[in-house]
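Next come two complexes built around subunit A: one with subunit B, the other with subunit C.
== the complex of A and B ==
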């Protein structure tokens, strides 16, 4: 090996020791688990400044009349996001969320809702159970999809409580309110 | 001209700004009258505007906490964990019935969607009333129940206080808001919230303050001052401290009369919710150079607990979680080990530079002061207990502590979740995160742990200090910094010191998945770091001889460590402990005889480290050498050249069998020590 190569290796080696010692770099034996601290709802519409104020942000989807309201502090009636829309068959909402911090160890969400409002069928007979009109699914991205279908009642309200899959003690509640248009 | 045009443009712009600022708002049609409830003037709403009409719009829903219960108690199919047992929010047992107590009111107020004339959510009118019906289950059907099932009902706040008549019954409560329109009345089911639950003797908890009913610490107990961390007067302080919490919050019941605490929401416990006597005061550390960091830290009691429950013979106490979460992350750690502030060094920012603290303090401490049941309950189930047995349980609860698996030395002072001493204790269907130790059994009595998940703990999920009946079924532990089970016996030659206790542990269907390098913080804390290289070296002859071992990618998975806690006093005491893990038996002299290989090939029978074995080893100049057994029945020891030797050549082939390896040795620091490790298959 050439002397110059040996010299370079020695310089790099000693330099590394110096830099690591100076900066105090410490190699961790394992990555500490990072838990979710906050869940953020990602709205779909555009901001409606006329209805927004210090306590809420209002978003509208002009093409279908859907209005989303995101509250900066949880509304006293117990939800963080309020979505209202006129009913049409198979009216569907995709709820998207993200978490803080970005580097949580375990990603994913759990969803809780009133199962009596969901469309259910008997696993043996296939016949509908109850009078639920809401279909709740989770797509491959982990987002919740809520579909209102065959609704014979005039109106329906459906809350979704979102919690992180890492079990952190945080949650976000979305309320969806749909009503049939009256003629 | 140009100036004129500019002036006109400025005026037009100003006019536009003025009009916008004046707040022209678009009004929306609130909908047809046939679908609206009665309109009332709301006192206030979220928009800050007053004097709007308020309507019921949309269907009624179950209360938010009941929806949360439905989610918490369900299977989490969308969790991508390859093994469902590792799902951190899914309980082992899902779908258990909801429980309600009869000591105080149960809150069941449906969620009614009130909106204003902008169709935006409005505050629920404070005086809105609700109608209700109650049914009781008889056989498979629900029949109307009368008002005798209630001590009182408030139809505005929807608080239902059940009477003794309801205790032990399954009921269905249905609540509907008043003031519905005729059209809404025609579809009344859409505006009614119904819920089925069991009524028991207990107190309904909605805030952390109400957890104060758990503590019934006596003024003093025998032995105060001789128990580690306790000094005379500590119980008196705890009693007074918790009485102050109850008095400040109008909690007037006698805590001993409260037989169960039943959660109806996630509960977060902070220092403001606990007896202040649990915290180090500024006065007692005044003048200490670390006073600012020590002030407000937690005391380190081994025998009191943040919440302390003393159970009389024949009595019981239950914490029913209803699948909610008890969050104790905000409880501070302790810096108190051999004395406050000793063995600890802080950085300028309050972080811990060095620490010799080992936490003894537990969130929940259950004990009895009378041991009339002492041997009766061993091996029994709850329904077999007699009138003098004591019983405590924690069920269907997710708990979060303040001591995750970390290199942060402050976590050494974190909380033990529960400690039980001398009682029949049951933990059933728990999820635990971030506790120093989760389940701690000590003294006489029985500890029955079922359906428990333990994640991210600094130390071990299970610690047994002498208890002679510990049954663990369906426990999963992963990402713990210490062994799956730590077990110590204590045997005193001098019978006047204390009772001797020889633990008996049976663990079935358990997963201990905690690979460690041995350099983790826990090992340094307990002084085991120096032992690790010695243990790891023993893997080499196994790999060389039979291509099996207990190291995988440089890590070992320690199922259990068994110690003689009286070693510091009587270091030559051999271990007398029975530990069975998933059918693999570690019988340290607690029934097995030396060289008893009648079950060779079916389980590990630990060999007593007796004079005979020692004599055998001495012929190799290796008295005290580590002995290796496999759960397949093999036995060998290794000398200081890492050469294996076989006391009985007939057992040698069994070394290649089994899935657990037991390492038994004598060490001057620990005395006799047993280490049970996962025994990995042959490497490809």
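== the complex of A and C ==
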């Protein structure tokens, strides 16, 4: 076979791959936006097999008695994650989440909660506003930190509704219940 | 000097057919066809580079593309020159005459090299030069117009390099050829090793393929990789880079090229120096061996018969088949390229479909892949049949004896074609099976069987067509005097026919697959129609073949 023939066959061969690759490919959006399909709570404790079952996963932190329960279906009382802990002054929880799929275009979360329960200060005077004793802050990585301060009640329940920043119609509700120890 | 000139002209007359210069009409036709051939190749290269320019490359990438092309084309030239010079220097029929000439061995040797240089010059002027010209013309805004005449001038010297490298390599190649001739097992081992290396290389390439190929979304990455490859190639293959920058000139700060820069002339001087050094080495190493080797090839070729064999009487057909089978085994110049093509085609189809199936194609894309599969199956297989268009002429003057045999002429002709036809069966079966393994969800077993038979009919039809070309326009005298390096027009026609048949089949395939896949969801009807087209082609060529052969051999 002459080299010109080999050259032409090589060009036709590569050309066929390029033509199919450019003109025969399935239509799709270039740089399409991938939205969040699911938000998953990442527990801090270790899984407790004895309390976990088909409908829930239970995690415990042995050092401070925190128990995290992750429900597979939303609980009848309207939450997906239930966290309980005995109260200590300045008790803090870091709420960490991740999204599915991994390649979502816009990462980040928005949090909704009852502002009346939160500890706030007047931006001008710096004086506390209202009776709230829960301090809610968002880290630079987008995760939330909740701190219970100077709780005068025996029990406090704080609900946080987590939605993705990309506007996808999914959410996760975390309920945190803190009780003072009874002596 | 007069001796050299006489020897060169004598051999050139045989090697390059100057029959066209006899009359004004044929001379004009030859000039027009030659210019047309040059323009067509240049235009094809221009168009290809233009489209690549739209998708991929800037004008500043042109010299890098030229470097890859020059490396590929001159690399193949070195191989073909080595093989060609082994035949031309040591095994050519005209050696028997040249050796009796009243000329020194040096002059004979030099005349052979000069003749081969002219032969290589003509080949490069009709492939490498128009290809580079077509590619370069796309970037005339950075390459000046002067690069064109300068390139035409430089390429008067360039062909000397592959010829001289070929002359040097022809010595070990000759020893290998002689060794292989003495121990035929060596040829088989060599072939198996090369085929094994090819399969291994293919496995490596397939291993490197990404799971998902999306040229549109991954375009940036693909382009970056291609450009990195071109840059690395430019830095690594320094001789080709220097040659291209000799042609284009040196780059200025504003990215344009200056042909007449000082460094250009320095590289040109380097090219002349390399040529001179190569001539010196060739004369020191090759020339002393030339005369001995040249005479050895025919004076001591005849071996005494080690053991006698009984002259068994076979049936007529079997006798011819047996003879052709032996010739097929002995003459690896014909059989090996055939076997190589037959081995390569299923591998090419395997790799092609691996690439296609890594792409997320829509229906139109799927149909495209079927059509391109048809094209890639047929193209190398039919293009390989160009050898058939030389088969009868290569018999040289012995070919005329066929007319005197008191038998039906179809018998020796079909016997000659039989093994090429038989060899294509396993290759086509493997090709169809490989294709079938990828498309089994759409193509049923009977569709694949139809595909195999269709390929076979096209192959047989084209083999007969190529044989017919050779028989009706014999080049026996050329092969009898020059050897194998003949510019055989039948080979060209056979190759063009291979391209036309493959392209038309792929085109028809695309239309038929589009129609039936959309309406019925199966491809059986399309396969039946394609099989019908192949059957019509086969029957038409067979009838033409039989009639022409009968007319040619039994004219009244």
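We adopt the following convention: the second predicted complex is superposed on the first by the 154 of 183 C-alpha atoms of A that agree within 3 Å, B and C clash if a C-alpha of one lies under 4 Å from a C-alpha of the other, contacts with A are read in each partner's own complex, and residues count from 1 in each chain.
As a working rule, contacts are C-beta pairs under 8 Å (C-beta built on N, C-alpha and C of every residue); 3 or more make two chains touch, one makes a residue touch a chain.
This one's a predicted model, so the numbers in the text were calculated from it and none came from an experiment.
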item: Touched subunit A residues, subunit B compared with subunit C; value: B
item: Which superposed partner A:75 touches (first subunit B, second subunit C, both, neither); value: first
item: Which of subunit B and subunit C A:56 touches, first, second, both or neither; value: first
item: Contacts of A:138 with subunit B and subunit C, given as first, second, both or neither; value: first
item: Contacts of A:154 with subunit B and subunit C, given as first, second, both or neither; value: first
item: Contacts of A:179 with subunit B and subunit C, given as first, second, both or neither; value: first
item: Touched partner set for A:163, first subunit B, second subunit C, both or neither; value: first
item: Doubly contacted subunit A residues - partners subunit C and subunit B; value: 28, 30
item: Subunit A to subunit C touching residues, read off their complex; value: 1-9, 11-13, 16-28, 30-31
item: Of subunit B, residues touching subunit A in the complex; value: 24-26, 31-32, 34-35, 46-48, 57-62, 64, 67-68, 70-72, 74, 76, 78-80, 87-89, 111, 113-115, 118-121, 123-124, 183-184, 187, 189-190, 266, 268, 325, 327, 329, 398, 400, 404-408, 431, 433, 455-456, 479, 517, 519-520
item: Residues of subunit C defined as touching subunit A within the complex; value: 41, 48, 55, 72-73, 76-77, 80, 127, 213-217, 337, 341, 348, 352, 355-356, 359-362, 364-366, 368-369, 372, 375-376, 379-380, 383-384, 386, 491, 495, 499
item: Contacting residues of subunit A [partner subunit B, same complex]; value: 28-30, 32-33, 50-51, 53-56, 67, 69, 71, 75-79, 82, 84, 106, 108-117, 131, 138, 142, 153-159, 161, 163, 165-169, 171, 173, 175, 177-179, 182
